[in-house]
Amino acid sequence: MKKLINNPENVVLEELKGIELAHPDLVKVHYDPDFIVRADAPVKGKVALVSGGGSGHEPMHGGFVGMGMLDAACPGAVFTSPTPDQMLEATKAVDGGAGVLHIVKNYTGDVMNFEMAADLAKAEGIDVEAVVVDDDVAVKDSTWTAGRRGVGLTVLMEKLVGAAAEEGRSLKEVADLARKINGQGRSMGMALTSCVVPHVGKPTFDLPEDEMEIGIGIHGEPGRTRMKVEPADAVTEMLLNPVIEDLPFESGDEVLLFVNSMGGTPLIELYIVYRKAVEMLEAKGIKVVRNLIGPYITSLEMAGASITMLKMDDDLIKLWDAPVKTAGMRWGV
Amino acid sequence: MAVTKKDVLEWIKAFAQVIAENKEYLTELDAQIGDADHGANMDRGFRAVLEKLPNGEDVDIGKIMKTVGMTLLSKVGGAGGPLYSTIFMQAGMSIDGKDYFDLADWAKALEAATAGVVRLGKASPGDKTMVDALTPAVQALKDATEQGLSLGEGLKKSAEAAEEGMIATIPLVARKGRASYLGERSAGHQDPGATSTFMLLDTAAKVWANCS
Amino acid sequence: MKKLINNPENVVLEELKGIELAHPDLVKVHYDPDFIVRADAPVKGKVALVSGGGSGHEPMHGGFVGMGMLDAACPGAVFTSPTPDQMLEATKAVDGGAGVLHIVKNYTGDVMNFEMAADLAKAEGIDVEAVVVDDDVAVKDSTWTAGRRGVGLTVLMEKLVGAAAEEGRSLKEVADLARKINGQGRSMGMALTSCVVPHVGKPTFDLPEDEMEIGIGIHGEPGRTRMKVEPADAVTEMLLNPVIEDLPFESGDEVLLFVNSMGGTPLIELYIVYRKAVEMLEAKGIKVVRNLIGPYITSLEMAGASITMLKMDDDLIKLWDAPVKTAGMRWGV
Amino acid sequence: MAVTKKDVLEWIKAFAQVIAENKEYLTELDAQIGDADHGANMDRGFRAVLEKLPNGEDVDIGKIMKTVGMTLLSKVGGAGGPLYSTIFMQAGMSIDGKDYFDLADWAKALEAATAGVVRLGKASPGDKTMVDALTPAVQALKDATEQGLSLGEGLKKSAEAAEEGMIATIPLVARKGRASYLGERSAGHQDPGATSTFMLLDTAAKVWANCS
């Protein structure tokens, strides 16, 4: 295993220390239970946003704590959802009296732990709503299964809903907006290499030098199919077409196009994918009105990329353009 | 023929040991169809349990089990955390106030635990989860109680039933948990949670074999 | 070779197309010769900043074109300095009448090509000054050799000098500021894995699974020493101590600390390194007043990190905090 | 005994071919002590040269060489681009206006080319660069001219001298170019630029062997 880490057991703790030292102007870090809150929490009268999940997806979620985005993030162990006590304490720390929205990625563990935390918070008199993100079209959806995974759309949701909360919208409005976003955004990802979970010390899956995995999850969960490596343009088609067809996105739609690195894929390759994706969308009469390109929801050092598309409207565009000041996403201020 | 507070503490310590020894194995199973953390999660949880475990004074068995459950809840995370926490919380509530229990008590406790897991995770038998190890184990304990088998015999039967349930997860297509994302590709792999659950019941059978 | 690319020969062209499609609000892309200019170039009366170098270091330099930073960037082939005709045309395109500063990383090819371009531009009546960045302490400096390489400090210089130009400072002032920055900034990097140059198709160097290379360049040039992989804290010491000792940085100094990913190393590891670096600096009485953490000057997908330290003063802090609006660095606007 | 315009065109085409064939080899040499692009850079440059190469009408040898030089300047980049561009520009200026040249002319042309490279790159012989192939080749051409050797003989001697110079770079510690970053570790590797320069002069010796 080749990583710039010390003891694998201390990875998250040392990362948190780094974040605390690096961004005292943006966030405060609490330990035991571990969570990150914006420096000025709680913000009186504003709906507070809490998210969280396993570590190893940086900058998500800790890097998205700050003005215009999350009020708190709860980091679990690497690829392991955090625990209810973290979520409860974070919820209490950021509640400004207008209620708290939990943004939960649809993984059994995340959902269960957040549900328990919400119950505990409600018992303490805090108004809590939860929204589950499940945008990954690589997974077949069904009421009989755990359903789709929450992936790239989470990043967009945290930004957009964060802006809405900053505007002073109510908990119900903010939660409805989050559900609307979940309804009109879709993602799919792929991997060229496996990630290595620190405490495991070897690749989660073996991918031969000439193969790739299409439809991968952000924890190295195997995908839809394994196949020979194809050129970027073909890969882009394999990711984008299922995304387009699922919603479906249609001619005349205005979208936000998000091309994400899984961690090990550098920016130069993302632009090559972005280029092909825009060409494909243009050919279908779908207009890209906003974009995001870079490593925002990663899977440790895994090489690969994901594409997320979100149908936009005037309200969403306004919310996207609104100021945001976090370590991982910043503009307008 | 009863399990005492001391036996319960020994069981938990022995299981922590079993988990530590099988950490890589459980993680390896999870790597096949999940996210390669079940062993590490359980080990982190049970190391914390060992630190928090009461020495047996001023507590009853229910209290001990609930302490284990609370510790697991705040230390494990993932799906395994709340589920294992529920097993101990529900079993603890079932045995609450007692300093020892017999086979019938244990059958009831494990039934409550299983019901809690099903309530939380919404998995049915055959979904390729720990429920596939728990359900037959509960049935075996009930049968053993009815048949008037000894504590040791009953525990042995429940461990065997859990083992069969665990092995029966291999061909299944997962419908719950992370493995369900794999669809058909999840078949052919043993469920990690069912495996650790078998170990839990197997450890009970071994540690409590000679309780009298 | 596992990359999201099509034909290796088209990597740079397709990347430029992607940048053009993604950021029309920030930049314009010219082809043949290839260069990127800010969308509102030339800015009348402002000193213009032109940089460039081989591709494969994204977001540098193209991602740093925009308000408050570069006016133009010239991308060469992967890891190959661009050519004088690119630099000449870029210089002409951005000259707003106040002169043009060339920011050149100290590599023989870059220096030669930029020198030729400057001569050609001067012959056309444009006021051109050049500043050469050579901050890499991994290389022994000497007048008898090519000298030190230009690495991480380039990113900081482009931001700071860009802000100074935006303020309306003269070409001489801006060039002097750049030389001052070069005089008080130092860097050193390391690699855990090799990069793969697209047209080569295999790793530039072989690094066994248990070894790392300390003092690596940004083109996969071998470093000072190869050794067994060490924990992040030890690696941080190996990078930071030579940086501190070279200038030297001393107790009481205020610095900007820049922890950079070589491309394949994810953010979580950078924070672990940052944490250790700050602890070391605090112990020496050196105060970190600003920081930058992320992949800013990369080497394709190479895993590894570099540390850059720059001695700050009030003017530099003001320039650092000034608004910048580029694809790769953005705040204050 | 003279090299004609047609011979010059043939030499350039043949060299483009040699570069295409040795692209991987040159890049491999550059990977050892540089950045693994010398072969790709030269190949990109000479493929562009082939496209821009005049067919020989309305141009003299000087014009042809200067066209090559300008094309390399805008297509190669890196250190190799300006340096190879200089070789052709300076040689072209030296032979300007002519439709053929003899051994003495070529000795002067290559001397001017070498001087241009040294002016630009500030390398001395022994710094482990293409100067180590050029310098002895120029000396060999001058000696051959003085000794009154034939064109073919003189070219052969210059190619041999360049080859020796190229091989002599192996033990050297680089003091210029990217290889200098390696310090002592650059010893034991042959310089890629000296290698392509040997190929350039070797191709001339072969293509022009039977000029009369």
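Just so it is clear, A, B, C and D label the chains in written order, and each chain counts residues from 1 on its own.
Operating definition for what follows: a contact is a pair of C-beta atoms (placed from the backbone, for glycine too) under 8 Å apart; a residue touches a chain by one contact, two chains touch by 3 or more.
Treat the numbers as computed from the prediction; the structure is a model and nothing was measured.
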**Study point:** Interface with the most contact pairs, given as the two chains involved
**Key:** A-C
Study note, to complete from the structure: Distance in whole angstrom between the CA centres of chain B and chain D is 76
Review point. In whole angstrom, what separates the CA-based centres of chain A and chain C?
Key: 29
Check your understanding: Using the average of all C-alpha atoms in each chain as its centre, how far is it in Å between chain A and chain B?
Key -> 32
Check your understanding: Going by the touch rule set out above, which residues of chain D reach two or more other chains?
Key -> none
Review point. Linking chains that touch, what shape results: line, ring, star, complete or other?
Key: line
Check your understanding: Can you name every pair of chains that touch?
Key -> A-B, A-C, C-D
Exercise for review: Quick one: which bits of chain D touch chain C in the complex? Just the residue numbers, please.
Suggested key: 27, 31, 33-37, 40-41, 44, 73-83, 120-121, 174-178, 180-183, 185
Review point. Taking the complex as given, what residues does chain A use to touch chain C?
Key: 2-7, 11, 14-15, 17-19, 21-22, 55-56, 58-59, 63, 192-193, 209, 212, 229, 231-233, 235, 263-275, 278, 288, 291, 293, 295, 298, 300-301, 303-305, 327, 330-333
**Study point:** Complex contact set, residues of chain A against chain B
**Key:** 33, 54, 76-86, 107-109, 112-113, 116, 138-140, 144-146, 149, 197, 199-200, 204-205, 217, 219-222
